[in-house]
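Structure first, commentary second.
Should a chain be cited, it is by its letter among A, B, C, D, E and F, assigned in written order, with residues numbered from 1 in that chain.
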Amino acid sequence: MHSVFIDEIDAQTYAEHVSRAGSTIIIPAGATEQHGPHMPLGVDAMLSRSIAGAVAEKTGALVAPALCYGYKSQPRSGGGNHRIGTTSLGGNSLSQMVDDVVASFIAQGFENVVILNGHFENYQFIYEGLDNAVARSRAAGSSARAVLLSYWDFVDEDTLSKVFPDGFLGWDIEHGGILETSLMLLLHPTLVNMDRVIDHPPAQLTTYDVFPEDPSRTPPSGCLSSAKGATAERGELLFTTVTTQVADALKSELLLGNITLEVN
Amino acid sequence: MHSVFIDEIDAQTYAEHVSRAGSTIIIPAGATEQHGPHMPLGVDAMLSRSIAGAVAEKTGALVAPALCYGYKSQPRSGGGNHRIGTTSLGGNSLSQMVDDVVASFIAQGFENVVILNGHFENYQFIYEGLDNAVARSRAAGSSARAVLLSYWDFVDEDTLSKVFPDGFLGWDIEHGGILETSLMLLLHPTLVNMDRVIDHPPAQLTTYDVFPEDPSRTPPSGCLSSAKGATAERGELLFTTVTTQVADALKSELLLGNITLEVN
Amino acid sequence: MHSVFIDEIDAQTYAEHVSRAGSTIIIPAGATEQHGPHMPLGVDAMLSRSIAGAVAEKTGALVAPALCYGYKSQPRSGGGNHRIGTTSLGGNSLSQMVDDVVASFIAQGFENVVILNGHFENYQFIYEGLDNAVARSRAAGSSARAVLLSYWDFVDEDTLSKVFPDGFLGWDIEHGGILETSLMLLLHPTLVNMDRVIDHPPAQLTTYDVFPEDPSRTPPSGCLSSAKGATAERGELLFTTVTTQVADALKSELLLGNITLEVN
Amino acid sequence: MHSVFIDEIDAQTYAEHVSRAGSTIIIPAGATEQHGPHMPLGVDAMLSRSIAGAVAEKTGALVAPALCYGYKSQPRSGGGNHRIGTTSLGGNSLSQMVDDVVASFIAQGFENVVILNGHFENYQFIYEGLDNAVARSRAAGSSARAVLLSYWDFVDEDTLSKVFPDGFLGWDIEHGGILETSLMLLLHPTLVNMDRVIDHPPAQLTTYDVFPEDPSRTPPSGCLSSAKGATAERGELLFTTVTTQVADALKSELLLGNITLEVN
Amino acid sequence: MHSVFIDEIDAQTYAEHVSRAGSTIIIPAGATEQHGPHMPLGVDAMLSRSIAGAVAEKTGALVAPALCYGYKSQPRSGGGNHRIGTTSLGGNSLSQMVDDVVASFIAQGFENVVILNGHFENYQFIYEGLDNAVARSRAAGSSARAVLLSYWDFVDEDTLSKVFPDGFLGWDIEHGGILETSLMLLLHPTLVNMDRVIDHPPAQLTTYDVFPEDPSRTPPSGCLSSAKGATAERGELLFTTVTTQVADALKSELLLGNITLEVN
Amino acid sequence: MHSVFIDEIDAQTYAEHVSRAGSTIIIPAGATEQHGPHMPLGVDAMLSRSIAGAVAEKTGALVAPALCYGYKSQPRSGGGNHRIGTTSLGGNSLSQMVDDVVASFIAQGFENVVILNGHFENYQFIYEGLDNAVARSRAAGSSARAVLLSYWDFVDEDTLSKVFPDGFLGWDIEHGGILETSLMLLLHPTLVNMDRVIDHPPAQLTTYDVFPEDPSRTPPSGCLSSAKGATAERGELLFTTVTTQVADALKSELLLGNITLEVN
């Protein structure tokens, strides 16, 4: 059985990959978070894992188990941490976990570590853990490199205009919106129920955060914009663009070979 | 679609469950660790997740995303942290992650939190995180309760004698052995390759640990005992015993109702 | 002497303020970071402190000593942490410091705590510390509230079009650019040397981060866009807009009175 | 404009300094703490910053932004942490901040780091952070050196007898007393109001600490001795002695050159 | 005076030992924990210290001051942390203390560090601290080695059958039972009162842990099995076996010389 | 057998004490540190434990196992952390250990916790741990109180003049000097060898600290002043004064009863 996911391959197959020039591990990062009434809690990890898988196929990389718990959902990008369905890590817990996992992969011999983020609020805390792990590893003689990215940052203008024909308002309010729903319709259609989409205008958010959170400021749907325009076709457009662009970026950054892996 | 796995259900369905008396979340805990040449790296999370799923069906509980990275593999119970394929968290990172996740679930309203462990070395660090989260939550007025268990501790004498007809030598050396391989043959047969099992006598381990680890002291297979006797039938025997016993224990401990969940 | 800065007022005057309804402390947050050849290292703390002072005058709040060291400068928003002149805190150090300081101010009786951020990369780590301090304080019976903001998020469209007549490209590349330089020309003109501005096109940055940082990818100037169009007039426009908008937001959020403080 | 304060100089000027033999950064450390009814909350940072500035002029060093928040005020040396006006860091937060900042300056190339302390209770926690940063940096190949001092430890017997003609009772009870008030009268006279000095005998303190603090044991003034004898002349005597002695000590310890810096 | 305990020898004598080939320090680890009505709270540290002393005499090692506070007592191996008389450290506190102490001994020149554990629940947290200290020291060029052991794991089958003629039920329920009581009768007889032993059948424990602890599930005696069969003779048998076996293991592992130390 | 040391008494006897009004636990704090060629490494813990024992007899308190590892020895008060024989904890490790132990004793019901310090450098880090534990316990409803003291601060002027007839130069340089040696001659005479005392003038120390430490600045003896004048008689004078004064202070602070404890 062929697989790029390391939880599905054995240690010998894994060892062969690690020993190759340009060996690369991609760690998907998600969250356990409400995504409106029409999508399941695991959207962020599912999408980052699927995208990582496709990128790995294109680049000869392997994919590690996803980080399934993420940093606190924020009202301005995820609806808020107070919402039912949202289970979060503190910032330092997330950074420490990333640091340990990345240092572990570097110690095993990977030349490149990529973290492919699928939960907006994770980015800075992953940055901290990744920066520390790479700095420490290199101080100890390793020449490992790393890349951190959020997959939506690879959607180009052309795709944007096709997926958001009425205008694109920013990734921060895409929580539970057209981007994620279209991708889920493509990749995990049985887990989406478009009948339950609540159609409301984009959330009008403050330009600042208040503590404690004020549940009345974000839409009751838990989404920051409507998923009504989501389709599997738009999902495919997004998926193709993102996986191609990410793969191209990684190839040029990390000198990846094109390797086919066969699992026992 | 019906599911007990919260990553597959939406926030409203989840909210209905949480609001019921006896609401319970089961968190599977695994590791990313070599399991010999015949099994994949994700065995511990896969097994704890599958067992948690079956227990949840029997008890009306829900299952959270598995903790996929675990504490350092040790030579006396997992072959060692130096082995290729093994990616680990430090003890405090694991405890902190457990603390955050458990406190988060209690804050959302679950009356009971269960951690179902599938990686030997995790136990004490999960204990620490769980103890701290429950103590702090109760000091703040919650009446939440929690249970921590390793699934193999629910295999009874009768099952042991059937699965290990030549005598049972202890769970610590079952890493990559008959227990795990039989369960994988039952639950994820395409990920096991019995042709690659290396048949060797049980590892003769010291009664102490040495630092740094000495790779020459554990079998090159990465397993501490031979998986040769593993069969799907034995897997079924183990699975039935464990899931029944765990479900019974949880029912009597946590006053769980028998609830059927339907996902949109 | 009248002052809104608590380092300049005595404990009795301070105590009188704290005892009033709606008492508010504003904590400016900056960094010690290179800002190109034409501006000093202290820009971020100077600007956030000056803006906080003006907002305090408008709202009856007090201003705490600025946090002068910030999170690691990143290539995509500050030029990078490798640059000479840049001294940074780790993420957890910053979060812990914020947590301690905020909890301290709440314990003394302030009803509202505002953190006014002037260094792009600080935001998430301040969020974490502030969220933890407020949550813990409220669990202990306090009814304190808090606001976190970055001052540039209060520049409105009208001002943007005047300050950036050739089009605005995003706050992330405004490091050492027109925004900061104009404000410095207004507030600290002796510390700016416009003759040393290096005029270059906006930095073309990747949509991801690489570790370790690659110095060749950001302009040698240390700025991400040119400050050539900066003038004190534009600084005044920005300063007026920002301080008015922030003051209005705080007044409506935090029920601030309009209080005049006289220092001994 | 000439300045020894790095927040007022640009990165190129800073870089030139760092590249010189014997390059030295002085980090002033203060606190935000009540200093009686006659002085402002920022005394400790103001004084350590001013003294550091004068020492830098004499030695060719640069001065970093002051650490404006310090360790918890203690009844036996600062009146206590319960007093209004006192905002503190926990011990580990302070040590971590010092560690990060010092490691950062060493990484940038400074050969010497000096922390000039102006808040009694800070000393040991700064010691810990400084010791760790230097040890780690040297283990990684740096030859950086560091000095930690509290400025009052450089007042010699002759000055003591002139400033305290009625006898000197120890630095611990000088909080808000003659030393600090005289220096403030010299350096920041508009921030001192001698009419508000409360004249009381030196505090009679226990030889131990009690927890929680007992507010009734320290003078209501917040000072541990009377500032009545404070004058700008005594401030000048103290300032001259301290800055000369500290500069002499640093010169002999750290092989500093005498360098004049011109800012753009 | 001759002593193997470093708290009883002077620095010069200590230095001579450290400079020898194979120099070894043994750190006993105990706890402060109830041990039933018939034994004192210090049993774990006393026994590990005495055993360490005898092993040191046989191997030329030195013995460090015991770690007198241990990880939380657990119901399934120590009766529980809720019991009066039990004072515990959190997991990370214990790991950090071990890390600091071990790194300190390695830095002083010891070639070997042994931690001899006498409190069941300590093991994994000591493992973590020891692993980190050794890994970091070796990364910095040291060639130090370490061993971690619990002394009861060195009782062989022959001794077991003599000490437990009615059958041995596992070390986990030996808390306050025949093993510890027999050793105390041998080594500290005045601190044992056999008249107060409560004779009850072995505790029937669950195969899982519940949080918070349920005091009704463990015997009111605080012991998990009866100490009735304890005698000084059995203590001697255990002591001889354990100290001989541990010494033999250390000699073969660590190339210890047989050294006699004389204290001034 | 009667004992005030909790490691020597059983849980029932301990429980009786804890249940009494004014129940008090004294925790001695020491270090493992060189004390010159004439005294053993354990001086600090031995002395604080003996003094605590005598104070407990006078006040009805109990004594906990000593903290045997302390904060880093510093050149200006202990000769330095680089010296052979000195094994230290980091600041945060010490604070955390103190926090855990104190919180544990308060949770068990002690009304008063006293930490009796015998190692100069420990004080501030114990202060931090103790302050945090008491604050948290009281926030949770406890009315526990605590005292922190270093025993030498209870030597009065009269005793000083008798023990140091040639003049007293400060407790900081008493490391390995007359104070400690006299007390050891009284309490542990077989562990002192006066023939090995090196007679040298008091160390001339800088008024600041340098990093890394400079071994050449402190006397090769490891002592900061000569122990030549030490006698058991002076030890008795010191011991009587200190134990009486500390007992008196505790009685008046903590409302201790005079209780006699009999151990089974």
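Here are a few things to note about the model shown:
In this text, contacts are C-beta pairs under 8 Å (C-beta built on N, C-alpha and C of every residue); 3 or more make two chains touch, one makes a residue touch a chain.
By chain, UniProt protein names: A, B, C, D, E, F = Creatininase.
Computed from a predicted model, the values in this text were never measured in an experiment.
Contacts with subunit C (Creatininase) and subunit D (Creatininase) are shared by no chain at all.
The chain with its Cα centre farthest from the Cα centre of subunit F (Creatininase) is A.
Across the assembly, the mean Cα position most removed from that of subunit B (Creatininase) is the one of D.
A repeat of the A-B interface exists among C-D, B-E or D-F. It is C-D, with more than half of its contact pairs matching by residue number.
Shared numbers divided by all numbers used gives the overlap of an interface; between subunit D (Creatininase) and subunit F (Creatininase) this overlap exceeds half, so the copies present the same residues. As a whole-number value, the distance joining the C-alpha centres of subunit D (Creatininase) and subunit E (Creatininase) reads 47 Å. Mean C-alpha positions place subunit A (Creatininase) and subunit F (Creatininase) at a centre distance of 54 Å.
Multi-chain contact residues of subunit F (Creatininase) (touching two or more other chains) are listed as 90, 92.
The touch graph of these protein chains is a ring, one cycle where each chain has exactly two neighbours. Tracing the ring of inter-chain contacts outward from subunit A (Creatininase), first into subunit C (Creatininase), gives the chain sequence A, C, D, F, E, B.
Per the touch definition, subunit C (Creatininase) reaches subunit A (Creatininase) in the complex via residues 71-72, 74, 90-92, 95, 121, 123-125, 127-128, 130-132, 134-135, 138, 145-149, 153-154, 206-212, 249, 253. On subunit F (Creatininase), the positions that touch subunit E (Creatininase) within their shared complex are 1, 5-12, 14-15, 18, 32, 34-42, 45-46, 64-66, 68-69, 83-90, 92-93, 96-97, 99-101, 104-105, 108-109, 190-191, 193, 196, 222, 263-264.
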